[in-house]
């Protein structure tokens, strides 16, 4: 996979969504580039998660969606379920907020890491196993071979989130959507995950959509930042610009609400 | 840090408590034994509250006139002793595997139970099997086709299932299928002319298979069909509703979304990711439902002339046959224990968090 | 910071609190922690998830019994809360909880719930509406039910109820972590202002250090059941002594748009049921020494062998 | 993490929508219809339910729309009057079970320790026994009468409420507003009354609605076995039992059975609707224990 | 016998033989003749044991030889001499001896089982190998009528003793006798279950001239309503307990045998003023007697039933003719009630709730009586109870009003002297000795009569007095409706053993 800067790996255009008659998204535009982390911020309920789910076609029961999500020259929204299934996990992967709930509690780590490999890449059991161990090593799980046999509840929160990331990366996707991957974790653990994400993005040329409402996290890893409010993207731009010289009053109010004035460095 | 952390940590702790298998088993068995003793105590007290006197229920008109016979009978059955002593005698007998002699059948209660319990287990077992297959199947379909026509239909049907009076349904089924349509065989466990298969398990279907007697097997299955279905209707309704909501709940879980985000085919997601955790509550309910089946048998057995514990219990209760009632109580306790054990073992099979400490 | 003449309002000495669940090892959630809060002082208690902050707070309120150690509030020993009413001498300690959605009884009007607080204080002059005003809500809201409020508003009501009891010590157990970012700082400031204004001490628990920094006079850092460092906020912030405090501060990403990745502290908080021997932090500590593996540093203000009171040995 | 308000908000806003569904409407209409029938039976019934004045075992036809029984009584009239027997008794039964079970469960959940142990082991004991068998033994022991049948069902019905209430109380007990109350100096009793109980009544009432059907089934089942209603009271279960003897006259057993079915169904529809209107998590807690 | 498995199964009737299925509502406790007293047990024992004497068909007026080839009653009615038949064999092939007879009868008497009263005060002795004498202290003209009772079946004493049979209450043979029979009857027990079914198989060694027709007879416990369905569908060949209503709808191809049974339903009004001030009032009793709609009750009992004119059933010696039966007189009843001085009385009527007699349950009868008496101005509160509880009150004489039936212990009117004051049933109605001298005298006279004519006269008189002033109101004799498949022959209702399985054959 070659990461050409400037080419959109995935672009969302005019995405509208209503769930059970309630309008949730009113025309969202976003575009992700390979090798870059795109941060998506905004208050609770503004539609960040729904945007991410729409890309994978995993919207909740009773959703109606319109617009266009272009990926590899095709519109994911109109894609038949079977084909979309071949994109999910293989080309576009997702990491969820709470690692305690996003891994299946009754299946071993190995199974959760390898089953979609077999499915998407057609690799054999043994090879999948080796790759899985490699992946665990890459996300820095100690003792990867042994870890494969264990169940998620035998790991700490941070470890679980690393495993979830490994699962997402198993089929070498081009796009990774991470929905608040660190909100459920402690700051010290969060730092590790953020470093991991940044590293993967740089090394593998992934296009990452990082959903978070923590502007500090945003500032630490995102290249581009978009701010959402009430189902609309109100501001998009490079990290430095959006966080230092916000154009939209809403972004400014977000920054003003922060306890520590921006610009003041921590020791 | 999340608001749910406290209760969830409590839950994990309880699970871990179970994991050392031996300790857990011992605890369960002790509880069950206490339960059984409790049950016998309750039945003992209850039946002794009764205004009637078992003597008059069990002796002929003339024999009752003879105080010597009455006294003899009382002495034979230990009824001349103070109540606590009677109860202790009963418990002591229990320890030696002696459940006493039934006052109405004049046979050891154990023998009576050995005949009637398998009959009921066969009936209830067939019913639970049918309920599990149909109930879980319907529940999954309803959940997957949520809010579509089939979901609504199944929902109404399952509500009807839990609303039909079993005794009435048994009557209607017997009348319609046996009498009017003549599709089901009559009362009893096998055709009247047939000799029961040699007893191994006491379940005629199984025993017939074991001894290779196909005619008996088909007759037993035929006789089983109608009462088992009548009995199952309620549990089918119950399990359908339960499975539906359990599956819906699991479908809303992050890990299912994550599995779908991995691009796994729907079938794999359903069986590996959804069904397995959804079965956990379903198993609990199925275990409890088995108890309600035992209740249902009392009513169904009466209509289908099924020689099971239900009939035995009914007869014992109305004739105040104390040893028999206590025997039934004990059986019930044992069944409860076994069901609980099975349910717990199944938990372990399904959920590694129970298995792996 | 003013040091009261009568000694600290709250003093926790070598407190040990254990959670016992049948069939499981005893979890020593608080393992010999010491902490002091003076009247009119705001103390921020920070630490990772599961390090025992809530347990400590609950013990101070009497919601948990202490296995050993002492808790004195205004010189009064705290007794665990049984079936009886709380000792009136202890109602001076009030708490504001984390979840705004469950901190108010959904079945009662908020006015009535605030009135409970007033009754505790024996205050017949004040009306619930007055308190709503103090926390920045319209007076008319007293007649509403909790579900008619947003999360931030609910937390304000909860604060009003606690204040109504005229507490001498107010405890906030992560009172802002469930709120929207925009509401967090506001509510935290409000709490501080109201506490200081009424002369009460405030023990503010959070894992969001930036907020604590904003409102606390002093910071106490907790790690695995122990308070490992205390000190005035500015001092701790500028010059953290304990390696854990340093790591904690370094891990906070700052929203400055500079793209600086926070520093990582390897490993996780160990299981409090099975803490490491010696210094509890030693498995994750970048400056670990032999003495750390063997002996627990039980001194302050920084419980670290690097900062041992007299004979300190530098790595 | 956001969590929807567990109680009031969801319920209030979702109630009207839930009630607009067909099941809810059917349930309401049928249940109301039966209540009207029960109240107005003397006006509506074409015959005296006890008068043995019609031809015996006459099939449905003019003058006796649902036929007559062995004694020449009008089945339609008997069913109508039967509503006056079954429905109020069932409601009374459920109210009593809720009160007894709820209170015991609340105490078990709130006070914990030996109170909890005692009550819950007692409940286990009852739970271990198949309901009909236990009720049968109780009814047989006390003697056959509707009052005793109610008592018997009560004996087996309370533990369900005790368990649900206990579970709910355990959940509510640890909630912050309860703790706040205690910190403000509420005694345990006041806390239970003011903070805990009002917050568990909703789900318990839903369970009660769902349970009306079960209770009626049990009660009529006992009467069917001859352990309930005393003749000539037109109790439905007893009427079905009378039909057993005269199989050929299918109408004798069929119509009372249908009466039971419709009442139970109506209340189940209602209970189902109520539960759906409730928060799903609480609803599940109810379901898991409501057996 | 089990087929090997290799044999062709094209003709299932071939080796398996002829099976007869009889459905009945079980009233069964044991198959031990010494303890049997329930109708179903008597059916079983009749088929598996022979008695000294028996009855021919359904004629109970004349005992005929069975294991005894002749009998002779001494003129004073105190000694009965029986000559044993030679050549009778038990099912195991051993001969029936006088010792077996003495043992069996003594066992019944001394074991104190339910039927022991049949031989109360009777000495049993073997005169020689073929002669048995039965001696009573008082004249016992009923003895030849008692001996056919299957409870007095003759056991193979050797086999029985091996399995614990003794001549005292410590007898332990019941268990064995419930699993196998030790008699000389045409059938033997293959399997026995008191609550579900009894299977009999033909006794290959049967000594009698008429060999059992069926190889296997299955007697199943089936509710009367289901019996009807079964027999109509061909699932069973004989249904014994169909009520009048049920039998009315029986459709083509089946034979229906309708006879009045020997059961008599009666109402009792307690005469003990300690139990009830109301029912012990003679005028109240009269009001009740006149208030009951007898034809209405008969209608409920359906086909085959008759009104009971006296307490002795119609087929027995001394029965009252139908024209002497009580009649309804509502005005008379009201007048009697008026005279009684009781206003708006409320009385409890107790009856067994789940008991049925030939498919007829007590419930509708009680309900109708309730309705009848309501017209007179008497409020009747129905208190059904399970037999156990109800029996208890009944036997202790605690019931205000009771609805019961009496089945004859043996087909002789002397059995009904129990209804006299101070006697078994009289006491149950609170009717103590000395309460009605007139009736007592009549009863004594009937008991002492020896010749048929004297007895007939005396029993008629006894019943007339009983009907006039006694606390009992005979109501109906329900029909015994036996429905059989068209092919079954030899069906005959018998008042003692209901049906003799050995008589059944096929066309």
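By written order: A, B, C, D and E. Residues from 1 in each chain.
Heads up, the rule we're going with is that a residue touches a chain if its C-beta (ideal position, glycine included) is under 8 Å from a C-beta of that chain, and two chains touch if they have at least 3 such contacts.
Predicted, not measured: the structure shown is a model, and the values here were computed from it.
S.K.: Please state whether D-E or B-E has more C-beta contact pairs across its interface.
M.R.: B-E
S.K.: If you take the mean of the Cα atoms for each chain, which one ends up farthest from chain C?
M.R.: Using the mean of the C-alpha atoms as each chain's centre, the farthest one from chain C is E.
S.K.: Let me spell it out: compute each chain's centre from its C-alpha atoms, then which one is farthest from chain A's centre?
M.R.: Taking each chain's C-alpha mean as its centre, the farthest from chain A is E.
S.K.: Select the chain whose centre, defined as the mean of its C-alpha atoms, is least distant from the mean of all protein C-alpha atoms.
M.R.: Closest chain centre to the overall C-alpha centroid: B.
S.K.: Quick one: report the Å distance separating chain C from chain E, using the average Cα coordinate of each chain.
M.R.: Spacing between the chain centres: roughly 88 Å.
S.K.: Distance between chain C and chain D based on Cα centroids, please, to the nearest Å.
M.R.: Roughly 48 Å separates the two chain centres.
S.K.: Counting only Cα atoms for the centres, state how far chain B is from chain D in Å.
M.R.: Whole-Å distance between the two chain centres: 22.
S.K.: How big is the gap, in whole Å, between where the Cα atoms of chain B centre and where those of chain C centre?
M.R.: Taking the average C-alpha coordinate of chain B and of chain C, the gap between them is 53 Å.
S.K.: Listing for chain C: what residues touch at least two other chains?
M.R.: Each of 49, 98-99, 101-102, 178, 207 in chain C touches at least two other chains.
S.K.: Two or more other chains in contact with one residue: find those residues in chain D.
M.R.: Correct list: 1-3, 140, 143, 244, 247.
S.K.: By residue number and range, which residues of chain A touch two or more other chains?
M.R.: 44, 98, 184, 186, in rising order.
S.K.: Show me the residue ranges of chain A that touch chain C in the complex, using the header's touch definition.
M.R.: 43-44, 156-159, 186-192, 194-195, 198, 213-223, 239-244, 253-255, 257-260, 262-267
S.K.: Under the definition above, what is the set of chain C residues touching chain D in their complex?
M.R.: Checking each residue of chain C against chain D gives 61, 63, 81-86, 88, 91, 93-95, 97-99, 101-108, 113, 116-117, 119-120, 145-147, 151, 158, 161-162, 165, 178.
S.K.: Could you pull out which chain A residues touch chain B in their complex?
M.R.: 53, 56, 58, 61-62, 85-90, 93-94, 96-98, 101-108, 115-116, 119-120, 150-151, 153-154, 164, 167-168, 184, 186
S.K.: Flag every residue of chain B that touches chain D in the complex, lowest number first.
M.R.: Interface residues on the chain B side: 2-4, 6-7, 31, 35, 38-39, 42-43, 46-47, 49-51, 155-156, 159-160, 162-169, 171-172, 175, 179, 238, 241-242, 245, 249, 281, 284-285, 288-289, 291-292, 294-296, 298-299, 302-303, 310, 313-314, 317-318, 320, 325, 328-329, 332-333, 336.
S.K.: Inside the complex, what are the residues of chain E that reach chain D?
M.R.: Within the complex, chain E touches chain D at residues 223-226, 228-229, 243, 245-246, 249, 296, 299-300, 353-354, 356, 359, 361, 363-364, 366-368, 370-371, 382-386, 389.
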